Amino acid sequence: MTSGLIFACAGVVLFAMGTAGVVLLDHLLRRILAFNLMGSGAFLVLIGLAQRDGMPDPVPQAMVLTGIVVAVAATALALALARRLFALTGGYGLPQSEAKDGND
Amino acid sequence: MTANEALPLAVIASSLLPGLAIFALPERSVALRSALNLFGALAKLALVATLLAGVAAGEDYAFRYAVLPGIDLAFKADALALLFVTLSAVLWLFTTLYAIGYLENAPHRSRFFGFFSLCVTATMGIAMAANLFTFFIFYELLTLATFPLVVHRGTPQAMRGGTIYLAYTLLGGTLLLAGIVWLNALAGHAEFAHGGYLAAGDAPNWQMQVIFLLLIAGVGVKAAIVPLHGWLPQAMVAPAPVSALLHAVAVVKAGAFGIVRIVYEVYGIEFAQSLDLLAPLAVFAAVTIVWGSFRALFQDDLKKRLAFSTVSQVSYIVLGVALFGPLGTVGGLVHLVHQGIMKITLFFCAGNFAETLGIHKVSEMDGAGRRMPLTTLAFSIGALGMMGAPVTAGAVSKAWLADGAEAAGMDWAIWVLWTSSLLNAAYFLPILWRAWLRPAPAAWPEERIVARGRRETAWLLLLPPLVTAIMTLAAGMFAESPGSPLEWAKLIAAREYRVAH
Amino acid sequence: MGFAFDLLLALALLWSAWRTLATPDIFRAVILFIVFGLLLTLVWSRLAAPDIALAEAAIGAGLTGALLLDAIGVLRGRKKS
Amino acid sequence: MTDPLPWLILLPLLWATGAFLLGPARGARLALAGTAVQLWLAFALAAKVSSAGTALHHPVGGWGAPLGIDLAADGLAALLLILTQFVALPLFLYARAYFAGKSPAFWPLAGFLLAGMNALFLSADLFNLYVTLELVGLAAVGLVAMGGGAQQLAAALRYLFATLVGSGLYLLGVALIYGVFGTVSITALTPLVTADAPPAVWFAAGLMLAGLMAKTALFPFHYWLPPAHGGAPAPVSALLSALVVKASFYLILRLWLHPFAPLTQVAAWLPALLGGAAILWGSWQAIRAERLKELVAWSTVAQLGYLFLIFPLLGADRLALHAGGMQVVAHGLAKAAMFAAVGVLIQVTGRDAVADVAGVAARLPVTLFAFGLAGITLMGLPPSGGFLAKWMLIDAALLRGRWDMVVVILAGGLLAAVYVFRVLRQAFLLPSSGERRRVERRPVATLEWTAFALAAASVLVGLRGMEILRLLEAGT
Amino acid sequence: MKRFAVALLAALFAVALIAALLELPAPAVDLPAAVGAKMAESGIAHPVTAVLLNFRGYDTLLEIGVLLLALIVVLAVAAREEAKQPAVADPVLQTLARIAAPLMLLAAVYLLWAGAFRPGGAFQAGAVLAAAAVLLHLAGLAAAWQKPGKCLRIGLAAGFLVFLAVAAGLLVEGALLQYPPAWAGALILLIEATLTVSLGLILAGLFLFLS
């Protein structure tokens, strides 16, 4: 088993963990963390699988570089929204039933 | 585009364009709006006259525009289409005149007349549709254009009537759509043809029968066949010109006309007969005729009584269609016209009673004939016509229908006609008796228009019912002369059966 | 040797990820996330991807960690006052 | 400008950046000018595609797939490009009057959104599509959050997580595809993906399609849509409901038809089942909704359901594909119009409950007309584009004996009538005398007429059915 | 209940997918070979940078767009928060920052230059620049940013604009981002240099506008 395949498998587990986390967790910061884990898992699968024969492949590496920048952009955006919501409501969770009391 | 292609479009445009222009007019430009309305109505009459002359001379008027592959928006102005087109165009002129008088100083007239014109546009489209696809388009357009008219007053009762109207008609439209697409999937996309375009091999018989049921149920809603008639009495909350439109010019007529097209030009009368579809249709028509008349007996509200009368009378047309044989066909078709003329007279008069004196109920009619003799005279002619009294248009219809029933071997239908006539008399004669023979009360419920000189009410309200009453008599007296509705119906029947045999 | 190291690294990575999600204290979770990022940097270099390793260290662990820590700072500051 | 493809992507990026640098007033002008040019480019592209009869390719960097990234435009892409620019242009006019110089973030975000969508429609590379998906998703979330209220932020966050999970699933799928085949070019993949592909490819297809369905708000992933679309400012809701969800749907259709066709046959019933559920559940919620925008947003959930009904019906006769294309166009126009109209109603009456529109018919006839015309399209009544779509869909279902689908489609139309007329009949109702004294803002003509234009287009497009279908045939 | 179901689903998914990964045929397309074959024409000596800025440069263009977009959203949302004072000054941190910041600047320049033929490049360099700015802020030497002025805006957008301009300019001659081999190296360096500055500013901005 090459390192590529090992890390690809680890990536799958990471992705599953991250996805479950985004779906299940309530705390917004944790969901953002979970999203980052999910993304890292996908990146690992991409590179690990492509390099399962042990040879480096620049194409997926470039893709992952792109992906990391996109992920940090998404994280910053999510944090900005979460912090603003925190400033307004004082909580880091999403209100359970919204849209019922139209307040805008 | 040749002139023969353009003419059907022009007939549609002659109400569509004024309608759209009227929507854009500000509320206060009364004169311009009325001018547009009348210009449209007169232009339409002129166009229709050209078409009539052309069709009588054997011209073909058709227009098509591909909407989907193999599916055209197609119009044709054949003899049958023109029967309905002429009726609607003529009655539209009078209804417009009446509405201008009726709605003087009422709010939202731009909206009203805009939708009013759209209604007639849709009716023209229904009449001239050359295939079921086109028919459906205008059939649904008619639903949409009439809704704002039914709820025009904006009261909770109007909303209730409008909602019920919509519930029935949209449901009917859905059934119709299902039937049309199904038929399209089985038999391809074909145009209406004399003698029908379906043939025995097209699909299993049971499917043809179910589709027929779907189609007839779809158009039967507008034709107010029992048990699909529930909306019609509710929709009488609308202003009187709208009732005229619903009962005589557009809506129920569109339903009845749809049945005619489906039976004669989709299935073909012989094929429909061979599928055993006509007898059940006749039974439904008969039940509707009797039930409508029976319910009318117990209505004190004048417009409601007239509405149930419509339920009954429109099914005369359906009965005529369902009677196998040219005599019944002629009876049904001619009643399409006669019922329109007579019923519109009645609704005009009912509107006059309500507008002038505030009379809404039969029990308030006492002595109305003395205060409003001309209106009451017109009403009487219409009512006698409905009963089938001699010299009126109604007599002609009933005679042909009865002959048709005999020829088709359905003698029971004659009894239905007789029963209905008796019931008609039973609910109309008391009104006439009250109006002419009972003394007037000390004060009318709500007198709004004061009689001046010999004019009992505003002349725009008085003129239309008088003209249509005269037409009722003329159609009866000169039934056999060329150009009468009866002669035109005979022409159509001859064409349908010439192909069928 | 390489295989054992990879396996160990993968397990450490998954453990840090798991702790990140499961730790009740949010501050520790973020610290664990930064640890996760550093481990991931190691993984990238094992995978002969030094460019990603650099980016991961600078952006993934560094900037994202700083952003998260700052957000927690706000959270804590509000809770105290 | 020899080739319209790259310009359709570069132009919105340019004016988005310009709007960021120059501020909202000049940004709006840039956006309008840019979008007008884009619309022209989209039509030019459609003309080229039609006359060529096949897809046009543009190898970015001159390398060509699989080394480089290819842009490709077939009839379907051209249709969506036209729709996007065509809807965006009046909506931008609307937005300029609506925001009146406030909300400086709208213009750059809208530019990125449009660029992302155009890039998505044109891309033929799975990983590049991921980047465009993120561009569209994040821009859309930003637009929802722009309002800045707690409700909007919460809705935006919900939306953000949904869209991130969606693109995450998609990305994992791309990773698997690259691992198995060594390429992410759709053209290169199409001959490689066969029914006996390794299980990882099945996983990839499932992940990518599931992720995209979450982004398209297909039932049961629809939960994020009503708050996001119902809470955003009206022009934003219109953009999102009319266009953004269509972008991910487009991608589903594209993948379904091209690389994954050998795999997807088995599961075609699933999207249709979910679509049917979406129609019924979305319509039911729209009927129950108390707020106007919520009603319209739920209607989007329902209308998207129709799009998913086409999958088991796709076949050689292309009827279902045509129905899908027509529904995308008709709903795009109608939903934009409806949100725009509702925006006017809310702005003028100052309230957004369905009950509060009583009597509006008399004061805002143009807006109400717009709402009604859009409603005709949503109900699928003739002669609208929605009618043609429904007609073809029923036809396709009947030809394959899918009676269950016919019933759902017809029922959906009736349910749509219930929620549309719920608003209309309220509007025709005379307001009670106490209500009438409420202080109201005067309607802005630009807002009213742009809504009307969109609504009229959604109905009139029914008369241009042949052109649309012809375009869909070109190289799709 | 939901927790359990989702966790179970995730676990099943992971197991099944790992099983699917263990038996894979060799890829049908050999992209590394294609990259190797075209390296000479790319104008770059380092394969990853060649893919990033030439072969798949279009991805990178859009990605910068995503980043700029995120910054715009951060600006739109965060602008309402009250301005925060620089963190409490810590003398040790301040000294550290004073020394580190210039070094980081140097490192960034090195990374940018190195990117052409070995690991490194605009992203890493930009990230280091951003890190320097964040460090200065944390040390209390730089205030959090308020609404960006004209100059800052231009700085933020410059990299993207230059990239766009090059892409558009190249369209006159050929396809989108089709560098003529002779010019490729120089154009990519121009893009990378401006991108480094803008990326540094954007990444720093994501932090500094937020705090």
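Worth pointing out:
We call the chains A, B, C, D and E, going by the order they appear; numbering starts again at 1 in every chain.
In the analysis below, a residue touches a chain if its C-beta (ideal position, glycine included) is under 8 Å from a C-beta of that chain, and two chains touch if they have at least 3 such contacts.
Worth saying up front: this structure is predicted, and the values here are computed from it rather than measured.
Any chain touching subunit A that also touches subunit C appears here: E.
Ranking all chains by how far their C-alpha centres lie from the centre of subunit D, first place goes to B. The pair with more inter-chain C-beta contacts, choosing from D-E and C-E, is D-E. When every chain is reduced to the mean of its CA atoms, the largest separation from subunit A belongs to B.
Closest to the protein's overall CA centre, chain by chain, comes D. Separation between the centroids of subunit A and subunit B, computed from CA atoms only, is 66 Å.
With each centre defined as the average position of its C-alpha atoms, the distance from subunit B to subunit E rounds to 73 Å. Once the centre of each chain is set as its mean CA position, subunit C and subunit E turn out to be 19 Å apart. Here the CA centre of subunit B is 43 Å from the CA centre of subunit D. Within subunit B, no positions touching two or more other chains are listed. Residues of subunit A found to touch two or more other chains are 8-9, 13, 15, 17-19, 23, 43, 48-50, 52, 56, 59, 61, 63, 65-66, 69-70, 72-74, 76-77, 79, 81-84. Counting partners per residue, subunit C has 49, 51, 55, 59, 63, 67, 71, 74 as the residues that reach two or more other chains.
The full set of touching chain pairs reads A-C, A-D, A-E, B-D, C-E, D-E. Remark: subunit A residues 1, 3-4, 6-7, 9-10, 13-14, 17-18, 21, 25, 27, 29-30, 32-34, 36-37, 40, 43-44, 47-48, 51, 56, 61, 64-65, 68-69, 71-72, 75-76, 79, 82-83, 86, 90, 92 touch subunit C in the complex.
Across the interface of their complex, subunit D is touched by residues 16-17, 19-21, 23-25, 27-31, 34-35, 38, 54-59, 61-63, 65-66, 68-70, 72-73, 75-77, 80, 150, 153-154, 156-157, 160-161, 164, 167-168, 171, 174-179 of subunit E.
The touching residues of subunit B, counted against subunit D in their complex, run 23, 65-69, 71, 73, 107-108, 111, 136-138, 140-141, 144, 147-148, 151-156, 159, 162-163, 166, 170-171, 173-174, 177-178, 181-182, 184-185.
Across the complex, subunit E meets subunit C through its residues 48-49, 111, 119-121, 123-124, 127-128, 130-131, 134, 138, 203, 206-207, 210-211. By the touch criterion given at the top, residues 322, 359, 361-362, 365, 369, 372, 376, 379, 381-383, 387-388, 391-392, 394-395, 398-399, 406, 410, 413-414, 417, 421, 424-425, 428-430, 462-463, 465-466, 469 of subunit D touch subunit B in their complex.
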